[in-house]
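As written, the chains take the letters A, B and C, and residue 1 is the first residue of each chain.
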Amino acid sequence: MAELSYREAVAAGIAQEMERDQRVVFLGEDVGGAGGVFKSTVGLLERFGPVRVRDTPISEQAIIGAAMGAAMTGLRPIAEIMFSDFFAVCWDMIANEIAKARYMSAGQMSLPLVIRTANGAGSRFGAQHSQSVENWAMAVPGLKVVAPSTPADVKGLLAAAVRDPDPVIFFEHKGLYASKGEVPDGELVDRLGTAKVLRQGGDVTLVALAAMVPRALQAASRLQDEHGISATVVDLRSLVPLDTRTLLAETAKTGRLYTVEENPRLCGWGAEIASIVAEECFYDLDGPVVRITTPHVPLPAADALEDNTVPTVERIVRTVVRTAG
Amino acid sequence: MQVIMPQLGETVAEGTVTAWRKKVGERVEAGEALFDVSTDKVETEVPAPASGVLTAILVSEGTTVKVGEALATIGEHGQPQSAPPAAAEERLSPVVRKLLAEHGLDAREITGTGAEGRITRRDVLDSVERRKATAPGGDERLSLGPIRKRTAEQMALSWRTIPHVLQAVEVDFHAVDAARAAHGKSAELTYLPFLARAVCEAIASFPLVNASFDGDSLVVRRRVHLGIAVDLGADGLIVPVVKDAAAKPLRDLAGAIHSLVQKARARKLRPDDVTEGTYTISNSGRFGTFLTAPIILPPQVAILSLDAVAKKPVVSGEDIVVRPVGVLAQSFDHRAFDGAYSAAFLHRLKEIIEGTDWSAALAEGRG
Amino acid sequence: MPTESGNDIDRSTRLALYRSQLEIRLLEKRAYDLFLQNLVKGTSHLSLGQEAVAAGFAVAMRTDDYTYCTYRGHAHTLARGAPMTGVLGELMGRSCGLMRGKGGSMHLTSVEHGAMGSYAIVGANLPVAAGAAWSAQLRGTGQVAVCFFGDGATNIGAFHEALNLAAVWKLPVIFVCENNLYMEYTPIRSVTAVEHPAADRAQAYGLDSVIVDGNDADAVYRVARTSIARARQGGGPSLIEAKTYRHSGHSRADPGKYRPPGELEEWMKRDPITLYRKRLLELDFGEAPLGEIEKAAQRAVDEATEAAKASPPAPLEVIERDVWADGGSSWRN
């Protein structure tokens, strides 16, 4: 066991896979020489050399296109898009090309690639550098979507993503890069499509993703200590594939489901979860499904504003207390 | 809730609202003067029937309305209430409904601890747990639910106060079976509706069995409100009543009985459904018993039980034939009439069951 | 432009060039007929008149090289050796289609022949071709990628990003612009800041400006041979502008009425196949081999047509297949 930061876990995960498989290559803006703008890929250029670790121009379409071309010709590329907001710049390559190539070619094309990116708010970067867009990726058939919340999950899920034969969009949370956690030594490979129950409770079920997970955990503590409400906390970890079994089982146990989502209100990932539960878990519901989300606004920049736009621990607690009766 | 024009005098049919004492949106307390009314007999002020907020005034000053018509609405917290507040049953969540059905519980038996007195999943589960609480020695203490308690009290009272006499007669259900077979499969056409129809007819000739005992007199009821005993398993008995059973053709009677029994099993009976019975039938034959001595439901004076109808050898003329035979047993209140009367009633019942053209009776009333 | 009839191209190569162009021509005409019979649905973008570019490069390529083309990709896919039955079957939505009816006319793909996709979004194939070239470079196999696109693509962002990256990383990719004078319905000249939409951009990426007569299969073959060899030897990318013309409209829905009168007739005089046949006769190939090629090509197209028509429609089972590598489309457990 070692304590690693979330950002160190990124580099460790990439390194583990590049070491194991010569076909794994890595490209992106400022990822090599600079070790990444978030310092999440420090040491990789030194360790694996300039042939397999490449710094690119500011050319998101070319970066993703290169990953696609390389993946379909025998390599297993990891491409970085610096801020997930920039997916909008290369969305054709991701949603129209990569997501559909296997299907349109009836299985001839194989694209075992990973696109990793820094997602989420909290860094005062403003509306175009703070979005949570994992729901955009969830909505496109042909993309697997992962969003880890802890360093151990980062390393293990990144390894699983690299080994996955399908395109995986790997959403790191920029607000979590400094967070620390225990990571097992040695080779670590997790499984996509598996949620984790981090806390078991009897009254309500909170389902969260990425940076909302620690907040849900803190809210669960306060709910217990201050209000005697016992909460289960589920870290969804993957949106596609979705661990519906765990979702439905944990919802049925309490009958009360709350989603804690960082994406803006409309069509956030929680809307899909709520719909699945309403359809398949209806007779176990003891009350309406409640979504706790960022309101449907672009994210403001000022610290006081940003902090109160995305769901806070306080807002999670208040919402549950108000509606759990 | 609605505020209506009150009845201000025996012959007063209408009144005129002369002045409103409160404005829409204002808080009113129960008993506080709400409006002034003028009739041809009297002028007076009318108090608010409940506390709340005056959410709407439907009739302006100077308007004359009939007694009983709506004048205004009073609501909670400024919310206009266009419909009566939902009964507790209607706020049951999906899992609560499911658990109630699974455990055979009645929502009315459970105290809700959720918001606004809502019954939560936990409340139902706790209720189930309490019932299972074990006494020392491994014995189980099952506390009686409200329905069971009520049944218990009623049975004890009846047994204590009514001198029961049991009389029975064997009946050949051959004619009924023929009509049922000809009609085809139907969940509604058990023996019960045929028996009910026969009872209504027999009562026409023996009206005393359809009476209420009232201390020193017997009130002979003109209309037959037929109680149908329904077994709710661990929770006891309930007896929904088919009102005016004698006026219904067989088909409709069958439908009415079926629907009442369904409602009873789903615990959806209203208070109106279980009152004013004048005679009761109990169909006890499910488990193959031969005879049951039922307990009369006061203030009724008799109750009839039909046990199992089974194929038996029967003498017909000089031959032995196989017929579906069941025992009809009536318990009667010996204060109301005697054995001969009861026996004659039973004999008439037997005649009707055995001799009616039941297929024709089924067809009756169908346009 | 003067054409060279030199002996730097051997006989069998020339026959291959002729055969390839002819097969493309006959198949594309057949595709058009099938559309008129309502057997080809949706839309089709035909390469009638542009055969020399596809043939010229395909014949110069190694079987393990990569081709990337656009929605006007029947010619390139066929030229790499994809079966005619598969191509016609795909256009008609049949089981025998190259992609079992999943992709359609605009997405013809045959990975086993190096046809790495036809890309319907203008410009999308350039970055992908650069990626395949990067992969070849990294793996050291000597493979190259050849990427075909129209004049219209030279104005889209992906074109510039791909060229820049390819040039900076010296990738073994040849970018071939088939300049047929029209970006869909608008003359390319009226929407482009320079005269030669591809060749005049080459300098911006440190590349040579190369223009070739796209209707002369020999000229195309020579340029192809040179640029491919250069790439294979580590010389980096090339940007080639092939001047050509399409006989039909942009797509089969377009009768091409926006063309000035006489323009089509002028270009028809320079039909690449007519020109090439003439040249082969001038080079003493004789009628016989040409006649055989023509008969064989017609026969092949006819047989493929019948086979494709006989093939049943794509089965409904394929609708939910092949989203993922495991062959399925499940997003949950």
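The rule we apply is simple: contacts are C-beta pairs under 8 Å (C-beta built on N, C-alpha and C of every residue); 3 or more make two chains touch, one makes a residue touch a chain.
All figures in this text were calculated on a predicted structure; none of them were measured in a lab.
Peer 1: Going by C-alpha centres, which chain would you call the most central?
Peer 2: Looking at where each chain's C-alpha mean falls, the closest to the middle is A.
Peer 1: So, comparing C-alpha centroids, which chain is the farthest one from chain C?
Peer 2: Result for max centroid distance from chain C is chain B.
Peer 1: Please report how many Å separate the Cα centroid of chain A from that of chain C, as a whole number.
Peer 2: So the centre of chain A lies 40 Å away from the centre of chain C.
Peer 1: Return the distance between the CA-based centres of chain B and chain C, expressed in whole Å.
Peer 2: The mean C-alpha positions of chain B and chain C differ by 83 Å.
Peer 1: Taking each chain's centre as its mean C-alpha position, how far apart are chain A and chain B in Å?
Peer 2: 59
Peer 1: Under the definition above, what is the set of chain C residues touching chain A in their complex?
Peer 2: Spelled out, the residues of chain C in touch with chain A are 66, 98-100, 102-104, 107, 109-112, 116-117, 119, 121, 124, 126-136, 138-139, 143, 145, 157-158, 161-162, 164-165, 168-169, 318, 321-327, 329-333.
Peer 1: Using the touch definition from the top, list the residues of chain A that touch chain C in their complex.
Peer 2: These residues of chain A touch chain C: 25, 51-52, 54, 56-57, 59-75, 77, 92-93, 96-97, 101-110, 112, 141-142, 165-166, 193, 240-245.
Peer 1: Can you name the residues of chain A that touch chain B in the complex?
Peer 2: 203, 255, 282-287, 325
Peer 1: For the complex, which residues does chain B have touching chain A?
Peer 2: Interface residues on chain B, with respect to chain A: 93-98, 114-116, 118, 120-122.
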